[in-house]
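See below for the structure under consideration.
For reference, chains read A, B and C in written order, and residue numbers begin at 1 within each chain.
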Amino acid sequence: MGTSEIPVDPQRVVVLDTDKIDTALSLGVTPVGAARASEAELPSYLGDLSGVTVVGTTAEPDLEAIENLEPDLILGSKFRQEAFYDELDAIAPTVFTEQVGLTWKENFLLDGDALGKADEAAQLLADYEARAADFGASLGEAIGTEVSLVRFMPDQIRFYGPDSFSGIVLGDTGLARPELQLLEGAEDRRFGEVSAEEVDTLGGDVIFYCAYGDDGAAKLAEYTGGELWQSIAAVRAGEAYAVDDEVWMTGIGVTAAGLILDDLQTYLGA
Amino acid sequence: MTSLKLQGRTAIRAGRYSVTLHRRSAAACALLLVLLAGAVTAALCLGDTYITFADMTATLTGTTGYDRTVEVLRLPRTVLAVAAGAALALGGALIQSVARNPLASPDIVGVTAGAGLAATAAVVLGYALLAPLALAGGLAAAALVLLVAARGSLSAPRFVLAGVAVAVLLKSGIQLLLLSADAIDAQRAQIWLIGTLGGRGWTEAAFLGGSLALALPFLLWAQRALDTTDLDDPTATGIGVRVTGQRIGLAVLGVALASAAVAQVGAVEFVALAAPQIARRLARTPRPPLLASALTGAVLLVLADWLGRTAFGDYQMPAGVLTAALGGVYLLYLLLTKGTRNEKKTAGLRARIGLRARAGRVRDVRPGH
Amino acid sequence: MLIAARMPRPAATARGRRAACGIAAVALGVVVVASLAFGARDLSLAELWGGLTRTDPIAAAVVWEQRLPRTVVGLLAGAGLAVAGVLMQTLTRNPLADPRIFGVASGAGLGVVIGLNVLGLTGIGEYVWLGIAGALAAGVLGYAVSTVAARTTGGGPATYALCGAAIDASLSAVVYAVLATDVQSFDQYRFWAVGSLAGRGADIAAGMAPFLLAGLALAFLAARGLDGLQLGEAAAAGLGHRVGLTRAAAAVTVALLTGAAVAAAGPVGFIGLAIPHLARWAVGAGHRTQLAMSLLLGPAMLLAADVIGRVIVPGEAPAGIICAVIGAPILIALVRRARTVTA
């Protein structure tokens, strides 16, 4: 993808994927522009983003709107904007990360470096990891609790494995996962799919579940109201918790990871 | 109907038309060039940033503050729109001429879907050589349509109907491939459901420009060849033209150009259908004139791309959405007017109606003399 | 009428017709059982029975919450699309008429998408109305356009099919444009645009049922008038049929059936094309028997496609794709067998 001269202390940053918004704000940089992932606009868990201009969608960024913001740095993702690299790089130095999710810590450090805040990024990441480890240690024997991660999509039900963002956060705490959700031997260990007929086979002592978009929320309401879901041991024990999809799934970054730890503290902490 | 009668009448017509046709065509081409210049100017000047005409031309010849906006963000995709629009329209004009049916455009008879299916397969299965595969896909689809339609004599409506059926089948194939694809491959391959110029530029434009340059000698040959294939079959064979070989050559050229465009910009529908017929009406020729068709296609796609990226706020509407929506309306218009009349009748009727239509045309053009 | 013209037709005798109906009923029974028996979860016959009788709570949840509603949606949508196809083919006197090919399904789809994404409706009981209105608008538009077009072009199946293709293309592009302003939606679009029964729950089945049943009842009420229409308008009027009324009733019925079927299952194609031909071949052109046969065969085709989609690939292939793969060759066969395509 070519190399870019990156300014030492970028002031006007445009971010083109949801994880970059988290990254920039975690490091105290408010982007001038951001691409939206859906009509739901920019993620709400990051607080008031009314000063951030929306520059199209993550799939088709509005290049001229980006240009008009006169950015000095663009953070994007090869996964989303591969075709637009040449145009973006002509507007401002552009840094693309390769993958989404699995490499979120590397992405955070790379983007932090690009933002001229490499040390702060490393420090924030270390703080987060220390907090995750402390939380795990504070659980004592409860660290063996198997945590199930379920997400309702409009057309499928997914469980999230150890290479997904929230799976990595769980891994950092040392919490156990149901065997199915470890995706042993699978090439892609980010997530797997389960049929609506088999939601009771997901396993886990505690379930965190969320829904992607309005259609996903409709599916969530439908399936979690069903007898099959109600037959799950964790559900019967009252250990199934609805969580924020923006934080656990689409967010991706140290701020989101911190909020996941907050949720874990609330529901699992002594 | 005897071939002798047809032959005599056609000869007179050819003589008459050789005067009027060229004048009208030349005038139409001049008008289209002006329109194209206007469309390109709009695409280069108007957007989130307004650039005056003077600044724009100064940017193209030298350096101004708008170099990046014009030369990186607007010019490449506009040039690509010109090339792709021209290639699609030429493909449409050739195939419509060979089939003697204005509805036999690459998008309706499955060529676009065939090229798209092959391209989607290339992306999803991870093959290189996307462009040659798309070409092979387009040709295979055309062959399949001919195979389905061929039964005794090849009638034009049956050809179109067979094309519609094959197109539906191939589009289902694309959808099936997309459903089974990885998210990233599906994202890359989705342009074969709805075409777009977003994120595309010089690379694609160079490929298409090269293809058009390569095709130029063949297009010059096609221009001459079309003058004879426009005649009814018995007449053409009667005056010793190798109809079959020539037709195959023209059709292959048309399919190749359309497939090349589809490989680069995806399924931008209906440009290939509409452009040749608009050009034909402007030039008042019995078949789509090639140069005017190419210019019309370029104008249409430049406008669609420009509107798509400027008229919907921060949302970048793919050009293919606009061409499909407007092209569908245009197709209805085509069906509602006499545009399809000549071609759709049986041979006997065609001769009768042809006489009437021709009388009308002669009257039409006289005031212009 | 066109397909398999040279094969011996069971329609020739009353006994043959009864046998054909019997075979169709058995076929439908088999696919209904298959639809309840096959799925992501392996259920033995004993478990299936336990589920149906609610003695095995897990199997009962699978059968009653997942497979039964989906099967009911398949039964209703398949019947609706097939019957709509019969009506359209008679109304237009065109062997290629089908809700999908004629753009009626796209009209219904656009209505539903506007209801869901623009107006923010959530229940099928709300957006089904928009689906029906969209189907009616697209149907009337397509009919008007192709009638005028037929006057200038001499008509024929190609004209009708092209009018449909034009409407379908325009409306599908608008559907895409409405959905694509949201990044989530391309995914939704590519799943929605083909039609599927996956995840259709009891609320969908219950929401669509009244409209479908009303449409089916209307279709049977119109059967005699349709028989008259088949003879041509003048002959029908001469025999005392109220041609205008029959046409209007049939058009409203097509909109009801297509609108509700599309709202529930998406724009599934080819059922309305293929089934009427099969039904006519089996039981002849009389509308009561033809409709009855379509009522059996339409659901059988949609459910069979759904079951095949569940079984052939890991995950699931949507029923709409399977229908297209089965149906496109039928369309091609119809094109090839048509003796003359300029009507």
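Here is the rule we go by: contacts are C-beta pairs under 8 Å (C-beta built on N, C-alpha and C of every residue); 3 or more make two chains touch, one makes a residue touch a chain.
Note that the structure is a prediction, hence the values are computed from the model and not measured.
K.L.:
Of all chains present, which has the mean Cα position farthest from that of chain A?
P.N.:
Result for the farthest chain: B.
K.L.:
Comparing A-B against B-C, which pair counts more contacting C-beta pairs?
P.N.:
The comparison resolves to B-C.
K.L.:
Could you state the distance in Å from the CA-based centre of chain A to that of chain C?
P.N.:
The answer is 42 Å.
K.L.:
Could you give the separation in Å between the centres of chain B and chain C, each centre being the mean of its C-alpha atoms?
P.N.:
34
K.L.:
Quick check: how many Å separate the C-alpha centres of chain A and chain B?
P.N.:
The answer is 45 Å.
K.L.:
Would you please write down the residue numbers of chain C that are in contact with two or more other chains?
P.N.:
Within chain C, residues 181, 186, 191 contact more than one other chain.
K.L.:
I need the residues of chain B touching at least two other chains; which ones are they?
P.N.:
187, 315, 318, in rising order.
K.L.:
Quick one: which residues in chain A touch 2 or more of the other chains?
P.N.:
57, 59
K.L.:
Applying the document's contact rule, which stretches of chain B touch chain A when the two form their complex?
P.N.:
Interface residues on chain B, with respect to chain A: 47-49, 68-69, 72-73, 184, 187-188, 196, 198-201, 309, 314-316, 318.
K.L.:
Help me check something: in the complex, which residues belonging to chain A touch chain B?
P.N.:
54-57, 59-65, 67-68, 79, 81-84, 86-87, 90-91
K.L.:
Going by the contact rule set out above, which residues of chain B touch chain C in the complex?
P.N.:
103, 108, 148-149, 151, 155, 157-158, 160-162, 164-166, 168-169, 172, 175-176, 178-180, 186-187, 190, 193-194, 269-270, 312, 315, 317-318, 320-322, 324-329, 331-332, 335-338, 340-341, 344-346, 349
K.L.:
Chain A touches which residues of chain C in the complex?
P.N.:
Per the touch definition, chain C meets chain A at residues 39-41, 57-58, 60-62, 64-67, 122, 181-184, 186-188, 191, 198-199, 201, 203, 315.
K.L.:
How about chain C: which of its residues touch chain B in the complex?
P.N.:
Interface residues on chain C, with respect to chain B: 96, 101, 145-146, 148-149, 152-154, 156-159, 161-163, 165-174, 176-177, 180-181, 186, 190-191, 193-194, 269, 313, 317-318, 321, 324-325, 328-329, 331-332, 335-336, 338, 341-342.
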